[in-house]
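In the two complexes below, chain A is the common chain; its partner is chain B in one and chain C in the other.
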Partner chain A sequence: MHIPDAFMPIPQGIFYWVVALVFISLSLRWVRQEMDETKVPLVAVLAAGIFAIQAFNLPVTMGTSGHLVGGALAAIVLGSPYAAVFILSLVLIVQGVIFGDGGITTMGANILNMGVIGGFVGFYSYKGLMAATRNLNLSAFAAAWFACLVPALVTAVEMWIAGTFPLDLGLAGMGLYHAAIGVIEGGITVVALHLIASVRPDIVNVTKGVTV
Partner chain B sequence: METKTFVAAGVVLAILIGVAAVFLASPDPDGLESTALIVQGDKTLTGDTPPDAEVNEDAAGRFSYESPLPDYTMGEEMGKTGEIVALVAGVLVTFLAILAISRLVARPVK
Partner chain C sequence: MIEDLFFIEKHAYRQSPVHRLDARVKIVAAFTAIIAIVVVPYSPVVYQAGVVLLLFFAVLWGLSGLSPRIYVHRMALILPLWGTIILFQIFLKNPYSPEFHPVFTVLPGIYIYAESVGFALILLTKFVVSVSFILLLSSTTRMQDLLEGASRMGLPPEFSLMLGMMVRYLFVFGYMFRKIQHSLATRCFDPFDHRLPYRYRLREIGYTIGTFFVRSYEQGERTYTAMLCRGYGRHSHVFVAEKPLARRDWAFLAVGLAIPIAAAAVFSLPR
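Now for the complex of A and B:
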């Protein structure tokens, strides 16, 4: 889902950068208000893990592969969508600047799609599903699936505005492929949540009193 | 689990996932690239991706940037070793960048 520079006119890239910068500054305010120094290494490990898993593309049939994005995972583990914005912004900057995975002018759009939209959709759909079902596995899986699908559909619309994809083909391709990739997103998110909760339950306090 | 152990285990696990990705990751295009191939007429929605299909990134008037380690490699001559070094470097740079920025911004422990 990493948009390369060639897929978007520079002025549109600047617009998405401005929107992304607003959310990056809000995420830094979240770090300042909600994080103390004891949690810093744990957040850094989560970011390193998300970077590594993003490099591991798994086949989803239809001649396509996909990987975890991680917005829902970061937001659920740390209890805020701004955690996803903070972590995904850094991951996407490293990927774009050092590895050319995603463009420079399109980095704002990538941060907006995967960090902001992925984080907010993942966090609030998780909260809503938990309130309705009290089932962590179901809620985390579905929230991560939505957090993969919705940014993909938004990307298709951005590609249409950029003149890169026709809207119908873009929505069909991005929607179908990321509905399949979302199954990977959901599965890895649930496994990672259990793994982290089993060794550091103090940082995943969303599991208290919940059917796992 | 103590924080130091958790951090060490987490970084080692991330490096192992990165190294495994070098050998086991699917070479198929991701969702955005597959959609671009459909738009180019090189792929159908549910069909396989032809082995020689490439996403066209030659658009006029767009920004162009050469990254130091493109596509998580150190060039063809370095092969898999270069890919492993690139991914391990990526894991460590991400870890250290978040560590440094968070330490600067987060509340100190009283």
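Now for the complex of A and C:
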């Protein structure tokens, strides 16, 4: 899902960067206001943890494997979609600049897809499903699944706009692959949420957010 | 990916004329080269611009004293996924060519087009050039120097602080990840072992990740408390002393800007 530099013309890269910067600044404001500015280090260290969490792989099907992106988990545990924007922005900057995974001119698009869209879709689908069903497992699973699938579909659309991949094949390929990977994302998110809630119930507040 | 962290940083600690350059000029040169190759339109002129930039990269990599095997190893970690998507392009039509001529019929209705092969090569050139300069930057610049360089270039202090802490703790969690991997292996647990029930494997990885999350969070709490004890407060910022560029940095900056800009200008402007 990390679009590299080669796959997008520069004007589109700039556009996505501008949109991403708006959300990065909003997430910074969330950190200052909601989490108390002095507790920023806590979230920064957590971002490093999420980066490491992405290294745990599980097989999906036909030789493919998937791992947790972590946006939905962070948004649900910390109680805000901006948590995902903030944490995944840091993760994607390190991935892009140190590891060459993703690009520099396309980093805005990647932050927009995985951080902003993934975070917002994950958080609000979780909230909506919780309100409708009161079922934590179902809500967290579906939220994490959507948070994996929707950014993948948006990535396919962006690459179609860029002219580097056809829309029908992109939607089908990215959609099917990430629908399968989303099962991993959903399953792991549910299990991890249960563990966090049983070990540190004070940090998980599914309705109000983190109580730090 | 985190497994490669130590490998990358180990090479960044070596000594060479490229390693000794100020991080700021390396960041500017690498980003300029990437922007230059991205700016060149999706047309065959990309090959010429790509050759110029790859020659520039090869000279710098040679001067850095790093083995070509390191480059190949790091590129091999990134290339497979996007290499497959690039390869797939040969079967597809794209908006950058008005017409497509089949040169080979794979199956009825599936063709390899001459123009699409060209487009795939263009994408591959752009991809290799842009990734190469990132590999050069991160293989010759320590993460802390990258951060200080970015701070001196105007990265907001809040972001410097956060990225600095994240980078520092990446290594802590890298070690933690290794230990957990060893522990899982000691218990003969392999998430890819098909003899184990899938639900069991999912639950084990889920618990491991949940534990990792809690440990990261608690590390964050301890770090925050430790920082408070050392006078950290609302208005604390990372202090990065001013550092003038040396003559060799200015010289490299001039070359690092001139070559990519010239390549982009010469090959992308309409003639």
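Definition applied: the second predicted complex is superposed on the first by the 191 of 212 C-alpha atoms of A that agree within 3 Å, B and C clash if a C-alpha of one lies under 4 Å from a C-alpha of the other, contacts with A are read in each partner's own complex, and residues count from 1 in each chain.
Operating definition for what follows: a contact is a pair of C-beta atoms (placed from the backbone, for glycine too) under 8 Å apart; a residue touches a chain by one contact, two chains touch by 3 or more.
Every value quoted in this text rests on a predicted model; they were computed, and no experiment measured them.
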Overlaying on chain A: chain B and chain C, fit or clash? clash
Which partner does A:20 contact after superposing on A: first (chain B), second (chain C), both, neither? neither
Between chain B and chain C, whom does A:83 touch in the aligned arrangement: first, second, both, or neither? neither
After lining up the shared chain so the two structures overlap, which partner does A:190 touch, if you call chain B first and chain C second: first, second, both or neither? second
Just to be sure I read the superposition right, which of the two partners does A:68 touch: chain B = first, chain C = second, or both, or neither? second
Partner chain(s) touched by A:177 [first = chain B, second = chain C, both, neither]: first
Just checking: does A:140 make contact with chain B only, chain C only, both, or neither of them? Give me first, second, both or neither. neither
Contact-wise, after the overlay, does A:155 reach chain B, chain C, both or neither (first, second, both, neither)? first
Looking at 111-119, 129-137 or 147-155, which bit of chain C clashes with chain B? 129-137
In the superposed view, which residues of chain A touch chain B and also chain C? 4-10, 13, 28, 37-49, 51-53, 55-59, 65, 90, 93-101, 103-105, 164-166, 169, 199-200
Residue numbers on chain B that touch chain A, as the complex places them: 1, 3, 6-7, 9-11, 13-15, 17-18, 20-21, 24-32, 34-36, 38-39, 43, 45-49, 56-59, 61-72, 86-87, 89-99, 101-103, 105-109
Residue set of chain A touching chain C in the complex reads 4-10, 13, 28, 37-59, 65, 68, 73, 77, 90, 93-101, 103-105, 163-166, 169, 184, 187-196, 199-200, 203, 212
In their shared complex, chain B is touched by residues of chain A numbered 1-10, 13, 28, 31-33, 35-49, 51-53, 55-59, 62-67, 87, 90-91, 93-101, 103-105, 152, 155-156, 159, 164-166, 169-170, 172-174, 176-178, 181, 199-200
Considering only the defined contacts, which chain C positions touch chain A in the complex? 1-5, 8, 31, 34-35, 37-39, 42, 74, 77-78, 82, 85, 89, 92-96, 123-127, 130-131, 134-135, 137-138, 143, 146, 158, 161-163, 165-170, 172-174, 176-177, 191-192, 194, 201-203, 205-221, 223-224, 227-228, 232-234
